[in-house]
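So that you can tell them apart, the chains are marked A, B, C and D in the order they are listed, and the count of residues begins at 1 in each.
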Amino acid sequence: MNLNEHLAALQIVVPLLAVPLIALLQLRRMAWLVATLTSLMAFAIAVAMTVGVLNGQDYQYFMGNWQPPYGIELRVDALSALLLLVITAASSAALLASYHSLDTQIEPRRHALFYAAWILALAGLSGIAVTADAFNVFVFMEISSLASYVLMAGGPDRRGLPAVFKYLILGTIGATFYLIGVGLIYMMTGTLNLEDMAQRVTQVADQKPVLAAAGFITVGLALKAAMFPLHLWLPNAYTYAPHVVTAFLAACATKVSLYVLLRFDFLVFQDNLVSHPLRFASLLMPMAIFAILIASAVAMFEKNIKRLLAWSSVAQIGYITLGASLVTVSGLTASVLHIFNHALAKGSLFLAVACLAMRLPGLQLRDLAGCARSMPWTFAALVLGGLSLIGVPGTAGFISKWYLISALLTLGAAGVALVAVIVIGSLMAVVYIWRIVEQAYFQAPSNPAAPAAEAPLTLLVVTWVAVLANVYFGLQPALPLALSSSAAAALMGATP
Amino acid sequence: MNQVLDVLSWVLLSCGGFFILVGGIGALRMPSFYTRMHAASVTDTMASFLVIGGLILQAGWSLATVKLVAIILFLMLTSPTSSYAVANAALLSGMKPDTKFKANKGGRES
Amino acid sequence: MELLGYYNYWVFAVVLCLGLYTVITRNNLIKKLLGLSIFQSAVFLLYITMDKVDGGTAPIIQKGVSDPIFSNPLPQVLILTAIVVGVSTTALGLAIVVRIKESYGSIEEDDILARDSEL
Amino acid sequence: MTILFAVFLLSLLVIIAVAIIRAENLFVALMLTTIFSLLMATNFFILDAADVALTEAAIGAGITTVIFLGALALTSEHEKPFVAVPWLALPVVAVTAALLIFASFDNPRLGDPEAPIHQHVVPWYLEQTPKLVDIPNVVTAILGSFRAFDTLGEVFVIFAACIGVLFLLSARKPSETRCTAPASVGLSQHLIPKVAGRFILPFIILFGFYVQFHGDFGPGGGFQAGAIVATGLILFALLEGEERALRAFPRWIMMAMAAGGALLYALVGVAGIAMGGKFLDYSVLSSDPIAGQHLGILLIEAGVGITVCGSLLLIFHAFAARESF
């Protein structure tokens, strides 16, 4: 039995097998242990597959040994491998952090159910990344969404409940739109396998239903990915979720929907709809620009640190879509690279926030005054993560912005204007990160409830591993770069 | 023989349809809650038995007949029970049955 | 008669939009969920409409029937899944609504917003 | 004739949808939604989707209503009168509808045998099912074998909902809303429902098992059977009261069912790998591939039924027991 050929299936099956076990375990430390081990195992599988993909191996798996398009096919290429790395790494880091962080936020007897939902979210997200079947994507999207509603509603603040309810409504509308789109394409092509679909859409003479399908799929996934005018659910849902959950989901949940969007738009529609690249670009680009400018501006005036970072996430999704909307290999490379690097930066920032929240549960900006003295490590991590978010050379954030700018500059005059947008966005990021730094480092301690001690050691260690990963991938970007450039080439390769 | 059965079953079916109509009109036009329920119960019992009886004649001796008989038995058990539950709930929530025959509610009768 | 062949699609569109309208406009959270389940049901209708073949029967193979016409089984399989997804979402949404009612004392969206801004 | 009947039912569907929107009493709206689901199920039946009709009737009309009722009992029945005129929503929704109808003219006509979906993939299923899987119900063959991975996902969707509801409703209540309601005694004071219910109960469970094991040959299978058996047990809880129901059928059994069924399904898949095939490959389970398929489908359908039943019961009891929590 050669396990290597089953890796693609094991990526989902291992977490799925663990879920019932965790739900049955009533001991919370045991539940945590099993969940963490599962997540680490999933990470190991993702690493193994990444190595395989870089060596040119093609992970194609037929579920139940039925040939596609009759059965369900799993497929891992460079893009999915990158996504899987992000998902499993974020989950593992956040789970390690949750050992301490969760105790203050959720009653101990509910922990086992919480971890079961967590691993379900992990399985759902990795399922979306692995599968090559349009309907299977929907099923795993629902698993991950249901699980993430549960995770987000776990926070102690009652304002989290209406926020999650809103997310549930909008998320369900998004998923249902996706389902309508898939239904319309299925009606015209008779297949659900993405590869097969891409070939058969070309033969559809009349395009009205396919066009409607493209619209529904794009809008539905944009809702789930919190793309600019459809981002309304995100800030509150992230703010009131338990801190480790925010660290996990902010790093990967919206990106997975973006991944499906890229897959559909570049693999299925690109080749087949008349002037598709033009339509795609003209719709997405303004949205991306608005996202960068408006969301960054809102973040500048935000008073709660978590909400500030949540708004910054909306802006960063703008960068990713901006790269994709160029419809060139270099633009897509930058876009995919930013998926990876933003996950690193945002993940480590939210982990640092989790550290901070151990001593300062309110997380209001004004309470931060002078806290850097008592929590030097936490704030150093916040600053480094912030630098990566801004895109300072030497950090991961710099690499993707550099690639984005060089992709834009090939466009000529219009490109320069877009570069200006990126520069303005980055400057705004400087402002909102500076507001935290200023409060924490340069204000005299005024808050009587100021923290007296550093966060627990394990939490700090996890945070610092994440932060140092930012620096490492800022100096040694070879791995994500190789993955994202081959992913971009594969996506664009669909066009002749 | 077949002809007779066919005619008979259609008679039953149309009678069933008629009682459904009557029940529907009654449920809309009767003056109070309890009388409406009374009218609606016609569709539960009389109408459905007639319709299913007609269908049994159509089906002849087959597995479908057994299933239809099972449906009749099921309806005989459940529909009175549900009517009871509804009426009981109405009574408990404070809806008084009109015992003094004041049918001229709304002044419809002189 | 030709146009009647599209009637199902129109009903799908209308019911879908009625559901969406309820979700967007109503303040009451339970009403929103009811709207959401109508919205989802409409999609079931879209899929099941596709599966019909003239003169077909349910796709259950019977011995002895020569050259039968079957309706398409695949959309049915997909919708079985979607129905279960629908009830799962509804149950989770209702659990959240119950928690909202307990901590805010109301299930009307504007009341909830008002109560949060009091803080 | 059938098409006229279908048109009538579909029009009724639209009317009821409007009525649901207009109803201000949530209880009324809920009852109308149940009628909506039943009408939908009838439509599915007319369109030859017997399996889906059964599922919609059992889950859409049955279980969903029960869960809604549980939630309504914990919240309130009346909607606040609706005042604001939705100037924005109306055009958005109208435009969506118009676009969909516009696009529909290029859709294949209802029942068109030349439609693309009847040409690709599906003919293979209809042709190969007797040879490869050899069970009469093609829907079950696709659900249980060809697209078994979707079904595995589906089982975990309902398990996720069950975990979520338990997690959310096991939170401590805010102190001001805590009350010490007496434990519910159900309908045990009412003679007629009690007698009738007790009489029907075994038949409901029996029917559930019939649907479970007849799924290979006719409409039915794990989802429907799980929902039907769960309905029977919920009826028991309604008749006898929460407390007695939980004593007869405690929570840990339900949890073991919900988790065990999902585990069983996944393990059947792993057995495929262990015996040298792919995940969810049943052909290797036995020396004869077709016998292996039969065994695999039987096992996973059992897993589905057990999980669905356990999860739905847990969800119901989570709502029902919240009052006295």
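Convention: a residue touches a chain if its C-beta (ideal position, glycine included) is under 8 Å from a C-beta of that chain, and two chains touch if they have at least 3 such contacts.
Given the structure is predicted, the values throughout are model-derived calculations rather than measurements.
Novice: Starting at subunit B, how many touch steps does it take at minimum to reach subunit C?
Specialist: So the least number of steps between the two chains is 2.
Novice: Determine which of the two chain pairs, A-D or C-D, is joined by the larger number of C-beta pairs in contact.
Specialist: By number of C-beta pairs in contact, C-D is the larger.
Novice: Using CA atom averages as chain centres, what separation in Å is found between subunit A and subunit D?
Specialist: Inter-chain centre distance comes to 31 Å.
Novice: Using mean CA coordinates as chain centres, what's the subunit C-subunit D distance in Å?
Specialist: Chain centroid spacing, subunit C to subunit D, equals 12 Å.
Novice: Take the average of all CA coordinates in subunit A, do the same for subunit B, and state the distance between these two points in whole angstrom.
Specialist: 58
Novice: Centroid from C-alpha atoms only, then distance subunit B to subunit D, rounded to Å. What do you get?
Specialist: Spacing between the chain centres: roughly 29 Å.
Novice: Which residue numbers or ranges of subunit C touch two or more of the other chains?
Specialist: 16, 20, 50, 74-75, 78, 81, 85, 88-89, 92, 96-97, 99, 103
Novice: Tell me, which residues of subunit D touch at least two other chains?
Specialist: Expected reply: 100, 104-105, 107-108, 115, 117-118, 121-122, 125, 147, 150, 153-154, 157, 160-161, 164, 168, 171, 174.
Novice: Among line, ring, star, complete and other, which one matches the pattern of chain touches?
Specialist: Shape of the chain contacts: other, as it matches none of the listed patterns.
Novice: State which pairs of chains touch, listing all of them.
Specialist: Final set of chain pairs in contact is A-C, A-D, B-D, C-D.
Novice: Enumerate the contact residues on subunit D facing subunit C in the complex.
Specialist: 3, 6-7, 10-11, 13-14, 17-18, 20-21, 26, 29-30, 33, 36-37, 40, 43-44, 47-52, 55-56, 59-60, 63-64, 67-68, 70-72, 74-76, 79-80, 82, 84, 86, 89-90, 92-94, 96-97, 100-101, 104-105, 107-113, 115, 117-118, 121-122, 125-126, 129-130, 136-139, 142-143, 147, 150-151, 153-154, 157-158, 160-161, 164-165, 168-169, 171, 173-174, 177, 217-219, 223, 308, 315, 318-319, 322
Novice: Show me the residue ranges of subunit D that touch subunit B in the complex, using the header's touch definition.
Specialist: Listed in rising order, the residues of subunit D that touch subunit B are 190, 192-193, 196-197, 199-200, 203.
Novice: Taking the touch rule as given, give the residues of subunit A at its contact with subunit D in the complex, in rising order.
Specialist: Answer in residue numbers: 1, 6, 9, 13, 16-17, 19-21, 23-24, 61-66, 69-72, 107, 109-110, 113-114, 116-117, 120, 123, 127, 135-136, 139-140, 142-143, 146-147, 149-150, 153-154, 158, 184, 186-192, 200, 204, 206, 208-209, 211-212, 215.
Novice: Okay, in this complex, where on subunit B does subunit D touch?
Specialist: Residue list for subunit B touching subunit D: 74, 77-78, 80-81, 84-85, 88.
Novice: In the complex, go through subunit C and note every residue touching subunit A.
Specialist: Within the complex, subunit C contacts subunit A at residues 16, 20, 23, 29, 32, 36, 39-40, 43, 46-47, 50, 74-75, 78, 81-82, 85, 88-89, 92-93, 96-97, 99-100, 103-104, 109, 112-113, 116.
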